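Here chain A shows up in two complexes: once beside chain B, once beside chain C.
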Partner chain A sequence: MKHAVISCLHANLAALKAVLNDIDQNGISDITCLGDLVGYGPQPNEVVDLVRERAITSCQGCWDEDIIEGLNACECSYPSQLAEKRGHLAHEWTAEQLTDINKDFLASLPTSIRRDRILFVHGSPNSQHEYLLPDMNAFAALERVEKAGADTLFCGHTHQPYVRELKNGSIRVRLQNTSNHNAEDKEINLPMRKIVNAGSVGEPRHGSTNATYVIHDDVTGEVEIKEVAYDIGLTCQAIIDAGLPRIFAWRLSHGFEFAEQAEDASHVCER
Partner chain B sequence: MGSTWLISGSPGCGKTTWILNTIKNHQGACGYLRLAEQAESDHEQLAVSQIDYTFLKDQIPHLEDFSDCRETSISQHKDFLTLIELSQSQSPESLGTIGIDSYAKNRLESLKLQPDRHLHFGRDSELPNNDTLVFNKLESWRLNLASSVWDPQSLNTFWFELVNGAYGDVYRAKALMNLPDGQSIFFNWIVSQKGSQFLPLKTVSPPNGRPERPSGIVIQGKGLDCITIQSTINLCLLNDALLEMHQMPLRDRQPEVLHAS
Partner chain C sequence: MIERWALVSGLKGDLETYELIQSELKKARGVTALFVLGDMIGPERNCDALLNRLQNPRRKELEPQCIYGWWEEQLLTEQGFRGEQKADTLRLNQGEEVVSALLNAVDPSHLKWLASLQFGFIELDCGLIHGSSADVGDNLTSETSPLILLDRLTRLAINRLFTAHSTKQFHLELTGGGIDSQVKDLNGQHQHQQKVSKQSIIGIGAGASYTIYDVGSDKTHFLTAGGQSNSKGKGFA
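Moving on to the complex of A and B:
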């Protein structure tokens, strides 16, 4: 059966509506959201309301977590002082706007969702803040999927959609027994694992302003990355009307993320 | 008696670069002065002059500064070459027999400088024929950034946004910016040319607090959102505690290789 996976909505209502419309047109009713419903964008309540109204199964993203628990990500999450200050401003604005009901909803979201051998997370099985970049070391990527007990791992957070197949994975271990001085070789061969990144609905970072999501067929394993155009002007105007920094509208309208990726994106914040 | 050349042309046509190369190839000592046509305010002229002169002085340490009207005996030497840079949008032919703006002419007279050559970009074949824009009635904005130090990554973001139109239609931007490791970077951008020029000055300050050297930015364009430019710059500059955090490991690592400015 086909199901859709969306991620990183970032309070962009026009983008979410366009993506949901596209999913509906594909006749898909099973939708999973990988978090970051809010953050930077101008319509946090409207987006959370719509996700609740459509009963979309969601896990919690790093922005959702920070809005509930207070800004506690370490400064390494931001690539620059400017990005950090803009991020804090967006955080304060969003926290002030969100209704208690919507905050409770975000707080209730799980950090991962499992369906048999398929796992859905925001960043990685380790942390909502960890980036699984498409060119991440293959061994480390395989470790993330294998440790989580998954065949296919769906993630977001990077805002770059991709499908990565990890084939022919094998681990060779030599165990040295000190008591009898014997060495024992072990080889573990792993079946193919797959990482699917859904990209971003509300803040694309793939070289285009279009929203992205993925459609997965859990019978054939086929994954299709979908791009959906939406009325960016509506969201940009909403950013300005909300009193958020105009630079957010400029960056969104040019397909630049609100904050660039950190230099060491694989860094895991150890709070 | 030395020579005095007047090099004029539109903003961004490559006057400073040509002057730098000429000075580098000249056997004797050189002096430098930057003038502007009347359209530029005194403050703006001072800001651009300071950026250009600091950059040239860094590249050519023996360069003499003629902006303070000093009458130096060295300029009387046979091999001495005085180069006067004049930012002038109009062609010399359109300005009568003298070929320069009356404001610039008066400045030359007050400084008792009489050019014996006048080369103009776009007219004289000795100069490269660069593609330039006609800058008429542009807004201009400048900021003195002396003793300010930038967060390097924030500076990258700010410059990228600036030259890509996030704060209005920028036609031209020139700056000297301090980094926490003691470097000062000369930034130069014009809309008609591809990419920005980033040149680190040879002189590096010790990573010990705020550097004492000229630093600033001058922006020309239309519809400039000066308030947002200013507030964005404020978000990019390091406070004392963060500056110390950047500089402390540098001091521990390589104190002996850094040269005082």
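Moving on to the complex of A and C:
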């Protein structure tokens, strides 16, 4: 059966409506969301309301967590003080706007969802803040999937959709310890694993302005990356009307987020 | 010039063993640095004498460079140095009496010094950490999956990781291997093969079991204070 996976909605109602419409047109009713329903965008309540109305199974993203828990992430999440200041502004605005019911809903979301050997998370199994970028060290990427006991890991957070297959892996080791005086050599074969990043509905960073999501066929294992155009002007105007930083509208209309890309994407905030 | 490091951990307040190691290091050739990779304290005995000595080394004695370990982390957490958390893992696994024993084993005057210690050192291309780059309590042994070991090395972009938490002495070298990575995105499909470069994880032991690392030759010597060399394996000692 086919199911759709969406992520990083970022309070962008026009984008979410367009993606849900596209999913409906594909005849898919099973949808999983990988978090970050809010943050940056101008319609946090409307987006959370729609996710609740459609009963979309969701896990919690880093923005959802921060709205509930207070700002947990340290400055390492931002590449500059200016970016951090803008992020804090968006955080405060979103926290003010969200209704108690919607805050309770975000607080109730799990950090991961498991379906047999498929795991759904926002960032990585380690942390909602960890970025699994497509060029991450292949062994480290495999470790994230393997440690989580999954065959396929669905994640978001990077806003860049991709499907990564890790296969034909092996590691040779030589061991010397105090109980054996001769070195012992062995080779370990690694299992094949897959990472699927669903990209971002509400704030794409893959080089285009279109929203992205993925369709997964759990029988064939095939994954299709989908791009959906939406009325960007509508969201940009709402950002400006809400008094949010204008750069949020600018980067939506350019499809790239130059200012907010972390320098060390593999860094995990421990705070 | 020969440069060798001595690596010690898990003394848990045992000043006698520390003095024995120091006396052996005086006789050893080329040892220029002494790294104490945490667990200087523990609940079994009063640790004040050892902590005083580590902070005030004697003349002609190698000055210890210390980091904090799992037991220090438990004490600092319980004493409020890690926010609102308490030493719940310790309490859950070993009971309230062990938490009390730990608190009693260290005079509060040492807390400031203990809290000032770093998580680890990076020396040359080596990481010196009590557990690993993932956690102070990461229990790396020769049985740990090589995939996890490789991940711990990758996180710090180092070639050698000296670890202590398992208390074991071992030298596990990653000698080769590789993996195919195929990425499909909206721009198409890309294939890449990543190779395993030569890297090592070294368990340094604990208490009287300590390790000497020869920086120039990349050889490891496993020793026991007051005893013989534990390993002189080919390529390692």
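FYI, the second predicted complex is superposed on the first by the 255 of 271 C-alpha atoms of A that agree within 3 Å, B and C clash if a C-alpha of one lies under 4 Å from a C-alpha of the other, contacts with A are read in each partner's own complex, and residues count from 1 in each chain.
Operating definition for what follows: a residue touches a chain if its C-beta (ideal position, glycine included) is under 8 Å from a C-beta of that chain, and two chains touch if they have at least 3 such contacts.
Everything quoted here is computed from the prediction, not taken from an experiment.
**Student:** Mind telling me which of the two, chain B or chain C, contacts the most residues of chain A?
**Tutor:** If we count touched residues of chain A for both partners, the winner is C.
**Student:** Quick check on the superposed pair: does A:Pro134 touch chain B, chain C, both, or neither? Answer first, second, both or neither.
**Tutor:** Only chain C; A:Pro134 stays clear of chain B.
**Student:** By the touch definition at the top of the document, which applies to A:Ile247: first (chain B), second (chain C), both, or neither?
**Tutor:** Touch partner of A:Ile247: chain B, not chain C.
**Student:** Applying the touch criterion given at the start, work out whether A:Glu165 contacts chain B, chain C, both or neither, answering first, second, both or neither.
**Tutor:** So A:Glu165 only meets chain C here.
**Student:** Counting only touches as set out at the top, which of chain B and chain C does A:Ala183 meet: first, second, both, neither?
**Tutor:** After superposing on A, A:Ala183 lies in contact with chain C but is clear of chain B.
**Student:** Of the partners chain B and chain C, which touch A:Arg86 in the superposed model: first, second, both, neither?
**Tutor:** A:Arg86: touches chain B, not chain C.
**Student:** Can you list the residues of chain A that meet both chain B and chain C?
**Tutor:** No residue of chain A touches both chain B and chain C.
**Student:** In the complex, go through chain C and note every residue touching chain A.
**Tutor:** Where chain C meets chain A, its residues are 142, 145-148, 150-151, 154-155, 168-186, 192, 194, 196, 203, 209, 220, 222, 230-236.
**Student:** Going by the contact rule set out above, which residues of chain A touch chain B in the complex?
**Tutor:** 79-83, 85-86, 246-247, 250-251, 254, 260, 263
**Student:** Under the touch definition given earlier, write down the residues of chain B that touch chain A in their complex.
**Tutor:** 151-154, 156-158, 161, 164-166, 225, 228, 232, 235-236, 238, 242
**Student:** Quick check: in the complex, which residue numbers of chain A touch chain C?
**Tutor:** Contact set of chain A toward chain C: 134-135, 137-143, 146-147, 160-178, 180-183, 185, 187-188, 190, 206-208, 212, 223, 225, 227, 266.
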